[in-house]
Amino acid sequence: MVDVVATNETIIVVGGGISGMTAALEAAEVGKQVILLEKRPYLGGRVSQLYKYFPKMCHPVCGQEINQRRIKGNNNLTILTMAEVTEITGDTGDYTVNVKISPRYVTSDCTACGECEKVVETEFDDEFNYNLGKRKGAYIPNKMAFPQTYVIDPAIIGTDEADKAKEACKYGAIDLDMGEETLELKAGSIIWSTGWKPYDANKIQPYGYDRFENVITNVEFERLMDPHGPTGGKLLRPSDGAEAKNIAFIQCAGSRDINHLKHCSRFCCMASLKQTRYVAEKYGDDAKSTIYYIDIRSIDRFENFYNDVKSNENVEFIKSKVASIEQDENKNPVLRGVNTEGAVRYANTHDLVVLAVGMEPSVDVSEFPVKLVLNEEGFIQNDEANGGIFAGGTSADAYDVNRAVQHATAAALRAVQVVNNISK
Amino acid sequence: MAHEYSFYPGCSSQKGASGSNQMVSNETMCDKLDIKLNAIDDWNCCGASVGYSGGGELARLTISARNIAISEKQHPDQDLIATCPACWLATRETQERLHDDPQMMSDANKALAEIGVEYQGIKKPARHMTEVLVEDIGFDGIAKPVTKPLEGLKIAGYVGCQSNRPYGIAGESFENPMYLDKMSEAVGAEALTGYEKKASCCGGALMFSEQEKSQALVKEIIEAAYDHGADMIMTPCAMCQMNVEAYQSDINEKYGTKFDIPVVFYSQVLSVAYGSTASEAALDGQLIAPKKLIDIANK
Amino acid sequence: MSDLNQKMVEKYKGNFLQEVINNVEEGETMKMCMQCGVCSGSCPLGPHWEYPPQHIFMLIRAGKRDEVLNTDSFWNCTSCYNCIARCPRGVQITHVMHGLARYQKVLGLAPKNQPTEKFSQLFWDNLVQKGRVNELKLGLSLYFMNGFGEGIKTALKNQKLGMAMMKAKRMNPAEMFGGHGVKDPAGFQKMVKKAHELEAARIAGEES
Amino acid sequence: MADEMKVAGYICTGCGIGDRLDAGQLEMIATREGRIASCKQHEFLCSAEGVKMIKDDIDSGEATHLMIAACSRRAKTDAFSFGEIPMARANLREGVIWIRPEDPEQDETTQEMADDYIRMACNEVKQMNKPERSGEQELNKNILVVGGGVTGMTAAIEASKAGYPATIVEKSDHLGGALAGFSKKVPSKAPYAEPEDTGIAEMIAAIEADDTITVHLNSKLAKTSGAPGRFVAEIEGAGVTSEFGAIIQATGFTPYDANNLPELGYGKTPDVVTQLELEALVKDADGAIKRPSDGKEVESVVFVQCAGQRSTKENHLEYCSGFCCTTSIKQAMYFKEANGDINTTILFDDLRTPGAAGEDFYRAGQEAGVTFRKGKVSEVDGSLNVKFDDLILGMEDNIQPDLVVLATGMVPNSGVNIEAIAPKDDEEAEAGEQTENDDVVAVIDAESILNLDYRQGPDVPQLVNGFTDSHFICFPYETRRTGIYTAGPVRRPMDVEQAKSDAMGAAMKAIQAAENAALGRAAHPRSGDLSFPKFRLEGCTQCKRCTVECPFGAINEDEKGYPQFNEARCRRCGTCMGACPVRVISFENYNIMTVSEQIKNVDIPDEFDEKPRILVLACENDAYPALDMAAATGKIEYSAFARVIPVRCLGSVSTIWIQESLDSGFDGVVLMGCKKGADYQCHFVKGSEMAHYRMGKIGDTLETLSLEKERVAIYEVAITDIEKAPQYINDMAATIEEIGMSPFKF
């Protein structure tokens, strides 16, 4: 049974990605009582699924380690995973937040020793790897998962697989009778940082993501490059497991398009530039990357990064929104279009296509548990009508990590302002 | 109870016109599906896809507005449907354009006034015959009257352009529409779902003015069908049907190919599956005889 | 240079974009073009265009009036609507291409011996006669649109097809005489004439 | 509670520890060799029951210090959390059984590994004390905001809203900064279709109405000293000296000097203006916008994007200022609003209008009839003829408008580039300070802004392109001057909306710094750490290593040259400790002895046992977690001869530890720290770099001991290097096999 103390001086942060973690920590480190709610069984959100960050080519888990330690050392902060907000009522300084907590079937007694995982055989698509790999029915979502506690997939509950897991646990940490819980929490202010989700590439019909195996998305590409990903960091194309060495990156796949996402998702240009660096690091001169773009949006010092990539002769830039993709007899994607610089018509064969899909708000407008002022794109506006509820990170607009963290820090102040005015 | 619609046949679907085989088979198909089509009396040409340069915008919209106005007068509560994609497109386009542009609307009515007709604006959007089948009848409904499942028949569903873009059939994609494949499957045939040319262009009206360019397009459409082992190509469009069927010998001449593949309307395929005779299904109206279909019809 | 063309040059003083917006079907929508080129890449006859659609839009913005009004590019439009379906900015490309062709014609700048230009005129004239298309007559006039000798050749070349079509009851010799039509062709023609007058007046900038 | 130290040991036998290791022997070693007061075993120590056992001992006074032998110090932290009580954790799970194979052959060495970790932990904890608050400063809630532009005003207003009084120091005679000179700003609200009011007037009104905000105009900082919680600022002009809890630097930008762009006509004719100059034109214009030269109404205007930007030419800016594309769209709309027939053409290379706001505004510009052309301008001559290469049409073209607007970029007002002027201590020079600063562009304001009374220079260190950004992706506000946060265009190029948001974030951090300073708590990344460096004056040789090497400029020198520690500036990384050749610097819970004692107490088998010993000093932020995660894979092994000691930062490693270990018979030493250099990943910025530098000199030590230099290796290890990190250890084991055991085993 989860017991949490919350008052109207409490700040509730919805979403435990990098933005939510940041907002929660910044507020907690100034002495505020904070409750962080995360829908997944672990914190870290989308960034934990990235291989490297631009522009430093450093690893997201590095910052995560620091944030996890900040959390461990902070008593003002309560973390609830597998928790979803179902309803928010009240107003600035006096909110009531209803929370649904799904059963993990594993208690805090878990030592992450891994015995349960060994005995369970049923496998499921691994959502952490965008279903590119498999995971067991008893699993730790990823190697940096925090809390470092196993999860039992609800699908094996009631099967002997679950019983096997329970038996394997020497610490009685598996509780198969665990049920859904609901909490009612008070809060003075709420930071909404549920972040983003990749645009559904199936909707971009001309590119045949739904029809061609060797057309993948940029987020999937991150998992493929990660040494701890489904391919052990090998760049293997889905159709035949061959190494991909002639890779096309299609920018604005679903972004800047009134048929899909009206907005520019901002991070995709840099993400693709970064991904060409992965390819260069892996294969040097043996591999070629081609970026099909409308405008390259590498703002501020990212321009230096863009120039570095441009100076690599194995990376080609073609100013063109690819018109369509067909597949040849070897399942190589063939890209058709016109390079608008000089009106050059092309039909280029690549062995792998990476769609730079953009970000859309992870929470559907219609699903918000409270009425907020949103823009047409579904992002939360900074509007007084939203009272004591503030967006933090990519709930507010399409941001890269640095901008999201910066924005979440600002959101923390907005929340602190509300509760400080209550306490005084 | 019967589904009733106000029907706009269009120039090619007239007796003795290039699409009369569609007309005939469509009537047969509708009988079997208990669909009643009430042709609008005194309809006129829609201007088709090449009417633009001679007609210009207003005249083109006006002549289509005339059809709609007449239809609404004659069959007030019935959806206006067309079998010809160009007719459907022109009609629906007219509805939208006049709705969005009041100036255009009043001008059109000024012209219509010359013959005492008035267009009152969009009531129900014009629909294509395939929409009726997919939405009102449904694939189960399409399967119901089947008495001769078309087992073993390999069909390349060639949707073409104008029944698919810019409006398309509800829930379908512009790039990879599936409704023809689903129809084939509904009547027991094998749908070649991977047929990648299903939505590419046959050259349309440019087959008359730019034969070489257009035939180059048709060549690819047919080639792909052969690559997938198709017994025949099935289409909803009279223009596509004509272009893909009629010029195979020309293409063979130019490219040294040996094309000889039947190109039929879905209404012909469905009719046969519903037990119609070859002539009821207007199979005698083909330039390249769909033998397998004829055999089934004659069984 | 036709009077109308002269008039337009003076009226718009090099602001060709505005001229197109005001006078070309759906011309307004091309303001939104961001030069991604998806239309150019989607056109089935793309390789045959001197300037593909997106390039034409750029020429229009750059005020390159002559280049645009002297090309026969847009006559290659097959009306497949791929461009409209894929355009990320809602530009009504197919219609704008049709509109440009029409506008070029109205200004008397239509290229000589442009087959599609000729055919589309024949088609329109044919339909206006009776309110419905007479495929037989259209076919024949099509054969002879490049003069009598040419016509005979084309006619012979297509004779096989013609016979086959008749055999298949998809071409009717009787159409030579009478054939299908609306009940009141004269009224129909009056209506079309009125429409043309209104459109001409609008382009000329006269109040109608 | 009794003052005498009582070290209580607890050995967990769960997670297979009991099955793989002889717990009895471990307990015996703890009491006999570790000589700790008591030692207990528990089969599930992190359980409620196990934890209660420990708590009871603490309450009963049986335990003043804890030795917990179980899993990694990174695991089960919720359970093993006993406030400030000194605690050492022997890592028997990730550190021993998980990285050693289950193989009878290996059991002996595996057990020896565990034995040593017990010895090490017992002796480490004895050297640890409960850290106490420094009490150096109490709560000072006043926030100093340097700069009165939109960023500074926002920071002040928002800090005040949170209950923290703010003081704005503005060098000019008015508030509002650059934005005050604007006619309108780019829209901030959906549908992002029209330019909106700058809002400056309202902000100024709000500030005037707020009695917790003080404004000093025509003022600047003559001197800033102290530390978070007790900054003292001498405000020249206002002639006041005040104390502050934290500082926000919002000094904005200086427009790039368009005189560097004669090829674009600037200076040749008054009708070539910059974006900022156009704003002034528009502001002054009533109705029609007229051109400067002859007052003719502008009927045609051309905007040249990236003027002197995104270019590697001399005196150009290599970066993209980000705000200029939307600004030109906005300015084109000024003309369109005035008269729709005015031709407005924007010549761009890449149009950069990111996000929902940006792209909506771009479309709004197109709707308004603004013409966009992808073109590279080659020349604008005196008669305003704009020559350019149209990249889409692939042709040379030209336009002759009435007015040309150059979209020039932002140059940060980041004050003095301290790396450029810093007293170049030879050592520092060699250490390659601030390699990422090679490409600093046009330092506009050579005059200091903060005039910090810091050993390491008067301003905040600059980063790429002269901006003060932290270059931390995950922690954008971490400057290297604790309690001083930069915001707005001085941190990185940005537009108004981002600057306002940035100001709020900086205000958040400033408030936090003030609060934590009052409690003696460390700032990021060791947030909350109460320990701080203490030093023995008697031993100090005034060598200045610590003051030079502190990455955060936390240490000053008094007139005698002794270090003056400023706890609240300190990030507790221990780089000073590692730097001190005479070992006078220490933390209560982390010092030379806590590590030395571990090294000394490792059992060194004699030479002929063929059991070498490898000392591994691993950064606790990345290398140590990497080893943990390697263990968690269950597939990776490393040598049973390794003894791993986590350190706060490689910068805290004292060469004495290396020397001692080699003296006492260790056969090899492996150091693992974070990436250094331009794309550094060291959480203390310079720590790893310093360590590398020092180790460069370890060669001498080895020589005096006449040992092979291969016996000491230093590596950059990222947290994801879960294969590499163990491999480096195994490599050392292999090296030792090659070159033989150390002769120093007694």
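A, B, C and D label the chains in the order they appear, each numbered from 1.
Rule of thumb we're sticking to: contacts are C-beta pairs under 8 Å (C-beta built on N, C-alpha and C of every residue); 3 or more make two chains touch, one makes a residue touch a chain.
None of the values given here were measured: they were computed from a predicted structure.
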Chain whose Cα mean lies nearest the overall Cα mean: A
Between A-C and B-C, the pair with more C-beta contacts: B-C
Mean-CA-position distance for chain D and chain A (Å): 24
Gap in Å, rounded to a whole number, between the CA centres of chain C and chain A: 50
Inter-centroid spacing, chain D versus chain B (mean Cα positions, whole Å): 66
Per-residue multi-chain contacts in chain C, two or more chains: 34-35, 55, 82, 86, 89
Junction residues of chain D, two or more chains touched: 351, 374, 392
Per-residue multi-chain contacts in chain B, two or more chains: 174
All chain pairs that touch each other: A-B, A-C, A-D, B-C, C-D
Chain A partner contacts - residues on chain D that touch it in the complex: 14-16, 44, 46-47, 71, 75-78, 81, 158, 161-163, 188-192, 310, 312, 318-322, 350-360, 374, 391-392, 394, 439, 464-465, 467, 469, 471-477, 492-494, 498, 501-505, 507-509, 511-512, 515-516, 524-525, 527-528, 621-622, 625, 629, 632-634, 674-675, 679, 681, 683, 718-720, 722-723
Chain C-touching residues of chain B, taken from the complex the two chains share: 11-12, 14-21, 42-45, 47-59, 62-63, 66, 107-108, 110-112, 114-115, 161-162, 165-166, 174, 200-201, 203-206, 208-210, 213-214, 217, 246-247, 249, 284-287
Chain B residues touching chain A - in the complex, by the definition given at the top: 173-176, 196
Chain A residues touching chain B - in the complex, by the definition given at the top: 205-206, 208, 210-211, 324, 326-327
Chain C residues within the chain B interface of the complex: 25, 44-45, 48, 76, 78-82, 84-86, 94, 98-99, 101-102, 105-106, 110, 115-121, 123-125, 127, 131-133, 135, 142, 160-161, 164-165, 168-172, 174-175, 180, 182-184, 187-188, 190-192, 194-196, 198-199, 202, 208
